[in-house]
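Listed next: structures, encoded as structure tokens.
Paired with subunit B in one complex and with subunit C in the other, subunit A is shared by the two complexes that follow.
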Partner chain A sequence: MEKLKLHNSDLTCWNCPAIDLAGKVDFRACGQSTKELAKISEDSDTYIMAECHRRPELGLFDPMGITFEECPEWQRTAYGYMLKDMRVMILGIDGYLGWTLALWLGKLGCNVSGVDNFSRRDWLKERGAHTVVPISRMTERLSAAKEVLDIDINFRQLDLMNDRERLKEFMDEIKPDAIVHYGECPSAPYSMIDAEHAIGVQKNNVLGTLGVLFSMRDIVPETSLIKLGTMGEYGTPLTGRPLFEGMFPADAVLTWDNREWSLGGELTPRDPVSFYHVSKVQDTYNIVEACKYWWLRSYDVMQGVIFGVYTEQVSADPRLRTRLDIDEWFGTVINRFVAQAVIGLPLTLYGAGEQIRGFIALEDAMQCMTRLIASPPEPGQYAVVNQMSGYYSLRELAETVAKIGKSEFNLPVKIQRLENPRVESERHPFEPIYENLPKRYGFKPQVSLEEEIYRMLKLLTQPKIKTRIEEKRHHIVPKTWWSGEKRQVETIEILPSGSQVETEEEKDEAYGR
Partner chain B sequence: MRTIIIGLDGVPYGVIKNLTDTGVMKNLSHVIEDGVFRQMASSIPEISSIAWSSIITGKNPGEHGIFGFMDLAPGTYRLFFPNFFNLKAAPFWNTDSSKKSIIINVPSTYPARELNGVLISGFVALNINKAVYPPALIPKLTEMEYQIDVDSNKAHKSMDLFLNDLDKTLKSRIKAYHYLWNSQEWDTFMLVFTGTDRLFHFLWDAYENTTHKYHETVLDHFRQIDEAIGEIVDSIDDNDTLLFLSDHGFEELNVEVNINFYLKKNGFLALKNGKEENFVNIDSSTKAFALDPSRIYVNLEGKYPAGSVKPEDKERVIEDLVSLFELLEIDGRKVVKKIFRCEEIYYGPYLDYAPDLVLLSNKGLNLRANIKAKQLFDEGIFTGKHSQEDAFLVVKGRYNDDIVPEMPTVADIVAIKNKLN
Partner chain C sequence: MRLTDANFDEEVFNSKMPVLVDFWASWCIPSQMMKPVIDNLSKEYEGKVKIGKINVDQNPRTRERYNINGCPTVIIVKDGREVVRRVGAQSDSQLRSLIDQYGE
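The block that comes next holds the complex of A and B.
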């Protein structure tokens, strides 16, 4: 019986990080060139030659000739074919996503390494906040990973900004097949506190990533870079223009002055909504250029707002838990709502509360990342995926948290509207395109919004965690204004529970979908 | 007593005759005056990797296993590029390990393998770190800015860029040969100049046409080589054996003929619908396909993944192919001069990997097996192509036909060398 095709069955060595592109040969002229290696010539008589460091016996060969399905080094998994003992380096491995992914990949048989300078822990400390789910020190995390899950993680403490030489040494030592870049400051409000913070975030994110790109050029140019961007790069254009996946589709056309131009393949306009989001946009351009100049290959992952606490691995032992922040700077919205529900604080909507965002649960984000790691882009390819599993208005989300809180945990949850400290559209059309992951990479969301909210409530209602939320309740309601004002936002109204949930038709109309 | 072999890749008998007669290669002409000068047959097909593999092993492709620059991995349609590890017969420097050899730039000796002496691989040799034995020599070569081959990509950008790089490559090669000639003890010294072949691919017209902008540049390249030849001749003694040779000849290229296109058009070759045009997507309705430059393979059942020709039908398909290619014409002129069947030209243990037919084209016509070709005839960017019958051989000293046959082939060189010793 023929094997069921996986999303990456037909990819070839051309995409595989285990090959070195050795050079180009034109046998008509007995000519060789070791420059411009990765560029597929329009001249079809020119052959790109590859060598495989896993299978040196293949000698020089045409990298288009062997598919992942055929290669014994790629093995079937639930997430597509994966390279045996694939070496994945995670930048920012101590973070919310980094640690979760490290365990997830380790359990899949990947050879996981990672770096971190613990700045996320420092930023929280600086703001007087803390993760409400307690997390262990890195040494304890590593030994628990070994003890509980039998995973060896090769960790190096270093700063992407200031330890570039050590990063290069580490890259050279590991020779990763893929690098997942989570090593950035992920907070819009943190970047809006003052000049110091805006500069810090942009430096850390933009220059840190630029250094990573140069290091990859010098040490591991064949390695694929899976870099975390954000759906927030696109903003929410009031024209209702769809939020394409990074680039305009092939049939997009610009019409002006009775003339037409194809926009296919051009980057779509970005409309970032904070200095943090600007740093992500700048990253996008830097990565595009690096792929263009040096034939690096990258996925820019425009992730929707992340939420959740659950994967099988982080739940396996208290020492393996990943962090969960609920403060105004680092707490993402659903995580914050759940924490508010647990301690009886009304869930806080900013302004109208009709802002619409794309979302993805932690476990589904891990699935997406794994699928991308398993499908390295081609040399020189810059590709974008919009990583989300659905989209909701914030009011809708608050209602859902309230509903589950009441029905399953008997929590008296209220919802309140606050002044909006941000500069953003509070009512806007929203049509995100998020087809790449399901269509090209086989992503199927496994976690429903309700299920993950339930899991979160279950964890956060534990007395020890509830106490930790209580301790930082004063950091949930925002004080960071985009305008620079320094004052706590005030309540506009407390909403009568359940009254604002729209019908599906009303939602469709409101979202322009 | 030492042996020195100097190769000039792709230089035809006629060019040597002309350049020695006209004084461009004075030093070589002195050797010829007092030596043997022969026209030599190349391999079939006339491809450097096959011809040089025969030159260094004394074997035919059925014995050394190299049938082209590219081949299909056994049991697949996957292209691979045979290298030195795929050479099944021993090169002469490995047959007597008591003799120390210096081997520089012999094509198809990549990656470098251990020997008693030094080896620097020639084309295709993409990574200097794998091209040198012993590796301890690499820093010295790097210091000399040694370049394995000209970057042929440059010729597509600018002929001046290409020629500069070609000249740089030649000078670095001469520097390396000087160093090894003088710093090492050796019994055999083999040095191949490959820039000649590259030059002729792009500028054969400049060689032929004395008013061409680059005519003098082409001659200068040969003058530099002749200067090196002069140094070599001056520094050997009468007991030493000295050979000059090429692996194939060269001639004007007018039209490229895409034989896979011809096979497709005539229903012999089909690729799977909607898939990339690559050999891996050959459809089971295929009866035959071609690999560069002019090797035809019957798509035999059991031999290939989509093989469909039953063994009992193979002979009929071969006959059909012969008739088909006999009919191929351009402007009323036959394209194919001769069609060889495998058993006529190859013998040895590796016949399973041999093509079933090899075509030899008429003058000026270059056969290509590009599977993506969209038309039968192409006017290429190259002005010269290999030719089969007119490589050359020069042996210093006078010898009779028993030692140097009147019509040698590339597979005779090892025997000639042994007899001279």
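The block that comes next holds the complex of A and C.
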């Protein structure tokens, strides 16, 4: 019986990081003048040949001849074929996503390594905030991963910006098949505090990543780079044009003066909404260029707003928990709402509260990343995925948290509107395209919004965690104004319960759906 | 269909049907984005126009022999002769009008 096809069954050695094409393919010769080209004559054998690091007995062979499905080194998993003992290096392994992915991949049989300089812990300390779900020190995390899940993680403490030689040594030692880059500062408000913070975030993110690209060029050019971007790179343009996945599709055209051009492959305009988001846009351009100049291969992941606390691995032991921030700088919106619900602070909408964003639960984000790791891009390929499972207005989300808080946990949840400290559209059209992950990589969301909110409320209502939220209550309502003003935002109104959700028709009209 | 150095002459220059060839590369973002458009056209024109794709890195001899020096490049070959060439991303409607004008 023929096996059911997986999303990456038909990829070939052309995509595989275990293949050595070096010197055997004349990349980028097209349109470029090089001496090499003169060598190709009518008689010479030009078929490109590859060697496999894992199966040297194959000798020189046609890299398009063997598919992942046929190769014994690629094994069937729930997330597509995966390279046996696939070596994955996580930059920013101590963070909310990095630690969760490390355990997730370790459990899948990957050979996980990672680096971190613990700057996320430092930034929180600097602001006087803390993760409300307590997390262990790295040494304890590593030994608990071994003890509870039987996972060995190879960790190195280093700074992407300042320890580039050590990063290169580590890359050379590990020879990762894939590098997941979570090693950036992920906060818009933190980047808007003052000049020092804006400069710090842009330096850390843009220059840190630029160094990673050069290191990869020198040490592991065949490794795929899976880099975290954000849907916030696109912003919410008021033209209402669709938010394509990075580039315009080929059937998008520019017409002017009775002429027509395909926009296919051109990067779509970006409309970032903070200096942090600008750093992510700059990364995008740097990665595009690195792929173009050096044939690096990369997925740039435009992640929607992440939320949640659950994966099987982080829930297996208190020492394995990943962090959860709820402060004005590092707390993403649903995480913050849930914390507010738990301590009886009215959920805080900024301005009209009609801002719409794409969202994805922690566990679904892990599934997406795994599927991308399993499908390395082609040499030189730069591709973008919009990683989200749905989109909601912030008001809808607040209502959902309030509803579950009331009905399942007996919490008297209120919602309030605050002055908006950000400069952003409070009511806008929003048409994200997020087809690549489901169509090309087989992603199916597994976690509903309600289910994850329930899990979060269950964890955060534990007395110890509730106390930790109470301790930092004063850091939830924002004080960081995009304008530079220094004062706490004020409440505009407390919304009457249950009356604020618009009808579907009103929403369609308002959002230009 | 997938064209290679090995089958290019036979499938393209000895073809009875007109052939549209898309020269693409994995590092070329516009040619990546053209893939679904090309695949869609090849279904639609089945039996009338043969539509093939060839990777320029994997097939250097064809790339050199036909002097492909930009990516993506689209050519149409009719009765063993190249009748038109376009360099750069082509929209769905531009490809259709090329086929209508030169391929049928």
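We adopt the following convention: the second predicted complex is superposed on the first by the 487 of 513 C-alpha atoms of A that agree within 3 Å, B and C clash if a C-alpha of one lies under 4 Å from a C-alpha of the other, contacts with A are read in each partner's own complex, and residues count from 1 in each chain.
Please note the rule applied: contacts are C-beta pairs under 8 Å (C-beta built on N, C-alpha and C of every residue); 3 or more make two chains touch, one makes a residue touch a chain.
The shown structure was predicted, so the numbers you read here are calculated from the model rather than taken from an experiment.
A.B. asks: When the two structures are overlaid on chain A, which partner does A:Pro249 contact: first (subunit B), second (subunit C), both, or neither?
C.D. replies: second
A.B. asks: Would you sort A:Val25 into first (subunit B), second (subunit C), both or neither based on which partner it touches?
C.D. replies: Touch status of A:Val25: both partners.
A.B. asks: Which one hits more subunit A residues, subunit B or subunit C?
C.D. replies: Residues of subunit A touched, subunit B against subunit C: more for C.
A.B. asks: Using the touch definition from the top, say if A:Met64 reaches subunit B (first), subunit C (second), both or neither.
C.D. replies: both
A.B. asks: According to the stated criteria, A:Ile48 is in contact with first (subunit B), second (subunit C), both, or neither; which is it?
C.D. replies: In the superposed model, A:Ile48 contacts subunit C only, not subunit B.
A.B. asks: After lining up the shared chain so the two structures overlap, which partner does A:Gly380 touch, if you call subunit B first and subunit C second: first, second, both or neither?
C.D. replies: In the superposition, A:Gly380 contacts subunit C only.
A.B. asks: I'd like to know which partner A:Pro17 touches here: subunit B for first, subunit C for second, both or neither.
C.D. replies: A:Pro17: touches no partner chain.
A.B. asks: Please work out whether A:Gly351 is in contact with subunit B alone, subunit C alone, both, or neither, and reply first, second, both or neither.
C.D. replies: Once the two structures are laid over each other on A, A:Gly351 reaches no partner at all.
A.B. asks: So which bits of subunit A does subunit B touch that subunit C touches too?
C.D. replies: 25-31, 44, 47, 64
A.B. asks: Which stretch or stretches of subunit A touch subunit B in the complex?
C.D. replies: The contact residues of subunit A facing subunit B are 22-36, 43-45, 47, 49, 58-62, 64-66.
A.B. asks: For subunit C, which residues count as touching subunit A in their complex?
C.D. replies: Per the stated touch rule, the residues are 5-6, 23, 25-34, 36-37, 56-61, 63-64, 68-71, 88-94.
A.B. asks: Can you tell me which positions in subunit A touch subunit C when the two form their complex?
C.D. replies: The contact residues of subunit A facing subunit C are 14, 25-31, 37, 40, 44, 46-48, 64, 247-253, 260-266, 288, 291-292, 295, 377-383.
A.B. asks: Applying the document's contact rule, which stretches of subunit B touch subunit A when the two form their complex?
C.D. replies: My answer: residues 9-10, 47-48, 69-70, 73, 76-83, 85-86, 107, 123-127, 148-156, 194, 197-198, 201-202, 276, 278-280, 292-293, 366, 368, 370, 372-373, 380, 382.
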